[in-house]
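Note that subunit A is present in both complexes that follow, paired respectively with subunit B and with subunit C.
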Partner chain A sequence: MTEAGTWWTLLAAPVLLLALAGLAVAGSALLDARDAGRPVRVATLGRPFLGVPRALLAQPRRLPAPDVLLWRAGVITVPVAAILSTLVIPFGGAVVADLSVGVVWFNAMEVLTWAGLWLAGWGPNAAFSLVGGYRFLAQGLAYELPLMFALISAATGAQSLRVGDVVAAQHGLWFAVWMPFAFVVYLAGVLAFSFLGPFAYPAGRDIADGVLGETSGVDQLLLQAGRWLWLASGAAMAVPLFLGGGAGPGLPGWAWQAVKTVLVLGLLVWVMRRLPVLRADRYVEFAWVVLLPVAVLQTLVPALAALG
Partner chain B sequence: MDMPGGLPMAGQGQDRDGLTLDQLHISLGPLLADWPSGLIVRVTLQGDVVQQAEVAKPGRSALAVSGAFWAEPWVREAAGERVSGGAAARRRAAAHLDSLARLLSVAGWPAEATVAGRLRDDLLEGAPGAAVWPRLERFASRVGRSRTLAWLTRGIGGLSTQEASDAGVSGPAARAGGDVTDRYRQWLADIRRDVQRLEEASPLRPEVDDSPRGHWRDGAPPSDALVRLLPGLLKGAELAAARLIVASLDPDLDELTVTPGGVMARD
Partner chain C sequence: MTGVVLLWVLGVLALAGGVLVFTLDSMARVTFALLGSLMCVGAVVTVLGLPYLGVVIVLMMVMEMVIMAVFMIAYMMNPAGLMPMSMLHNTRGALVISVAVFAALVAGIFVVPWPDRSPPRPRDTTVQVGVSLMGEQMLTMVTLGFVLLATMVGATALATRRGRYDRLGDDLDQRPAKDPAVGGVGR
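Then we have the complex of A and B:
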């Protein structure tokens, strides 16, 4: 059973999330080095983190007429929303806040990223970053509804919006097994709200890194951290939603949660490299004509099961 | 009225859907990641749709690089030197891999762009065909058969064989006779053919063996025609599609410095 944790879980959750995100960054760096034919050493894992002190010391870039307030607000929103989303993710038997609407909380935090990234694109008052911000809105229109139906599928299967109940409802059979489509759509959604890999469109290289392009120093660090924190948070949430949470033989709940999360994270990092960026102008059509109807049908499965 | 930062407000104009929208004038290049070096395209954007595009004359310094590296075997041949067909094929395959690396990067597939770049470097370093072949096969099938990449590049930058020959384009862009998808697949096919003839010792015959961007003639390097095509192809394209179109034609502006008759040097 999942119970609300004591005060220190409030500190432990962000630390765990940061560690997971760091693991994903290091893993991605490892694959980068292997592809580029560079020697793979322990130092390879640490390479991306060398940018952190550099970013902290960097001279901020000056732009003509930026909207500083909204820009800052946007940049900060992305990592903060990612951290807040972990409040409802159970780790073994403990969760920071056992909300009765946990699934909605996670979704709401993820939607905050919409505002955050759009403002981050708007703030600098520069063409490419603005295009990047708008690209995220277009991408959002394509991924958000299928993602919501994927979340609803899990909630319907458990007949509860409490994440602990969703875990308990998978006693015996994981939701990933009898709602595979919702699981896949959810994972695609995770990449989309992390704007990584095939969903890196808002930060596309073709528009000089879009929303990331005009940021420098700490701002850039926050946005980059935000996308990897979201990836880690999305992977962690996949476990209680679709993979039976901490259930498993032999090991304690927290260990199973950790193992499954790392596996999902590894899968996402691997998939990121296998696809080109999905341009929203093409992807929107696919999302609305194919993904959304199938996601709705998928939601019908647990709904009918609950009725019958 | 005081404008933020003293900047003027955007002007407005009719867009393709009959709406009146802000117009934004920006120039693409000369400094943009994975952009043909030295190319400057001034575009008028509404939203992210290119309403107008014109190729600007680059500054002298941008074209001060000596020689066209990718067309070098053909330049040397034209100067009366003897160049082997194998050496030319090697340079052409490397040139196409270089173009592919840029296209894949613009398409947002950095992992495969790295692979293309490594194959290019190995070819330039003189790696034997047999050493490159297995990796090339894996790369060519992954990229060439990728349904996702084809789906994302289908239907943009269409250029029929007829239009190409009217514009004076030769080489892979003309032979592909289609859209961005057809053009990168043409590159892949050409690379595979070229890598099989790296050891060919017979002399290069420029009348049948094209340079990477097309038929090499003094006074009209093939990239000249590609550059002239750009404004027409970019008009009406979205920014992301426009970048892909440019990357799939990949004009080499260094060629225009070699022969003085090029579009840039004329005025």
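Then we have the complex of A and C:
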């Protein structure tokens, strides 16, 4: 039922992802203005985008003995991996590449941000940004395994790693309904790999913005874009994995996919502003002692359903 | 045809990454040269028709190499692995061993009786990999899993200086536990 590989999907996927990320940034700016008591106007939505031309024109900051090659590689990896992850996300009836291992592909692209952020921390040869890179790894060790088990739960429920099959397996009942815990863990994982909100620890204010601190101009733009692109990509992937994909009454598939994605994105933007930043050492213990065992038990549910 | 070209390109890139591991002088660059090489290996496995194994190799190797970078830099003898350094130790012995291993592996390519693929290849090979690993070899996999887990727990228990009496006091009744870093669930 999914049509793969038409040429225009290759262009449409990044554009759609960028639009979604922009929507999230604008929404967050709107909430910012409301919380600060500033008047909420149309111009408020455009405010964060004023930084884009400024970043493009900014003079790059020079540092003593940076590892330029690795730094650039890391900075580019984060947004590029986010865009590559959308290859397997079906949008209505269209998908760029209907890989037989789509779920693993998404996971692998997400893990690339580990390398990207550590390199972005290492490259500038500065203490705080390296601390930020290390912080992301500590956080990664906490969020990654529960997230993997959440993905495994969805794949086990569908008995397939193909994202199209995961969607098809949810006819009648969404995975979010009978695997609620996997859904919640997945959403927490989305916030974690986009290092936003409670997981903004690697770019924490206490270490002068950490991995983002030494970047300037285009580099900073790419890393910031990477965060929001990942948030958008994670929200878009939540729909086929847990919310029945494009299925719904009345509207065509792409419209339902868009509606559900925007709702998930809105939820994520709202939640990430509500929670305080979590320290990685605290979250690691919580993840390993509470989240991981429950995530394993959650995987047992579709596994038993598949056997029975 | 595209497949053959891809295999050659990826193979050469993997080898080049392997060479860089021993010629670069920065711990971070060495680690990521190795990662690049292993990602090419993952791509080779994918081109050979095992996309699951290929993508999983990439996934696991990114995580492993990044964690390895942390430990390599932390435990290097010079100031925290931050200075330029050589990756070569015991050059002659290593050369002999590596040439012997390489020769043995290449010989293996020609000695092993490869099956000629008469039935058509299945569209999704992930199931076949799963069945051949988890079907007849289930006992091996389960045993391996437990051995690995026991090794990890044992190594951690041996390596840590603090035991439960340090954490919970002489009568094991000290709550919350006395830890250098406070955890998230207040055990």
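Quick note on the criterion: the second predicted complex is superposed on the first by the 307 of 308 C-alpha atoms of A that agree within 3 Å, B and C clash if a C-alpha of one lies under 4 Å from a C-alpha of the other, contacts with A are read in each partner's own complex, and residues count from 1 in each chain.
By our rule, contacts are C-beta pairs under 8 Å (C-beta built on N, C-alpha and C of every residue); 3 or more make two chains touch, one makes a residue touch a chain.
Note that the structure is predicted; figures quoted are calculated from it, not measured.
Asks: If we overlay the two complexes on their shared chain A, which of subunit B and subunit C does A:W71 touch? Say first, second, both or neither.
Replies: neither
Asks: Tell me the contact category for A:Y134 with respect to subunit B and subunit C: first, second, both or neither.
Replies: The answer is both, since A:Y134 touches subunit B and subunit C.
Asks: On the A-aligned overlay, A:F183 touches which partner chain: subunit B = first, subunit C = second, or both, or neither?
Replies: Once the two structures are laid over each other on A, A:F183 reaches no partner at all.
Asks: Return first, second, both or neither, reflecting whether A:R205 touches subunit B, subunit C, both chains, or no partner chain.
Replies: first
Asks: Check whether A:A108 is in contact with subunit B, with subunit C, with both or with neither, and answer first, second, both or neither.
Replies: It touches subunit C, and subunit B stays clear.
Asks: After superposition on the shared chain, which partner residues are touched by A:D281: those of subunit B (first), subunit C (second), both, or neither?
Replies: Both subunit B and subunit C are touched by A:D281.
Asks: Of all the subunit A residues, which ones make contact with subunit B and with subunit C?
Replies: Of subunit A, residues 134, 278, 281-282 contact subunit B in one complex and subunit C in the other.
Asks: Touching subunit B in the complex: which residues of subunit A?
Replies: Residues of subunit A touching subunit B: 31-32, 35-37, 64-65, 125, 127, 131, 134, 198, 200-201, 204-208, 273-279, 281-282.
Asks: State the interface residues of subunit B toward subunit A in the complex, per the touch definition above.
Replies: Residues of subunit B touching subunit A: 3-7, 24, 26, 32-34, 45, 47-48, 104-112, 114-115, 118, 146, 148-149, 151-152, 238-241, 243-244.
Asks: Would you pull the subunit A residues touching subunit C in the complex into a rising list?
Replies: Going by the criterion above, the answer is residues 67, 69-70, 73, 99-101, 104-105, 107-108, 111-112, 114-115, 118-119, 122, 134, 137, 140-141, 144, 161-162, 278, 281-286, 289-290.
Asks: What residues on subunit C touch subunit A, complex-wise?
Replies: Residues of subunit C touching subunit A: 26, 28-29, 32, 35, 51-52, 55-56, 58-59, 62-63, 65-67, 69-70, 123-124, 126, 181-185, 187.
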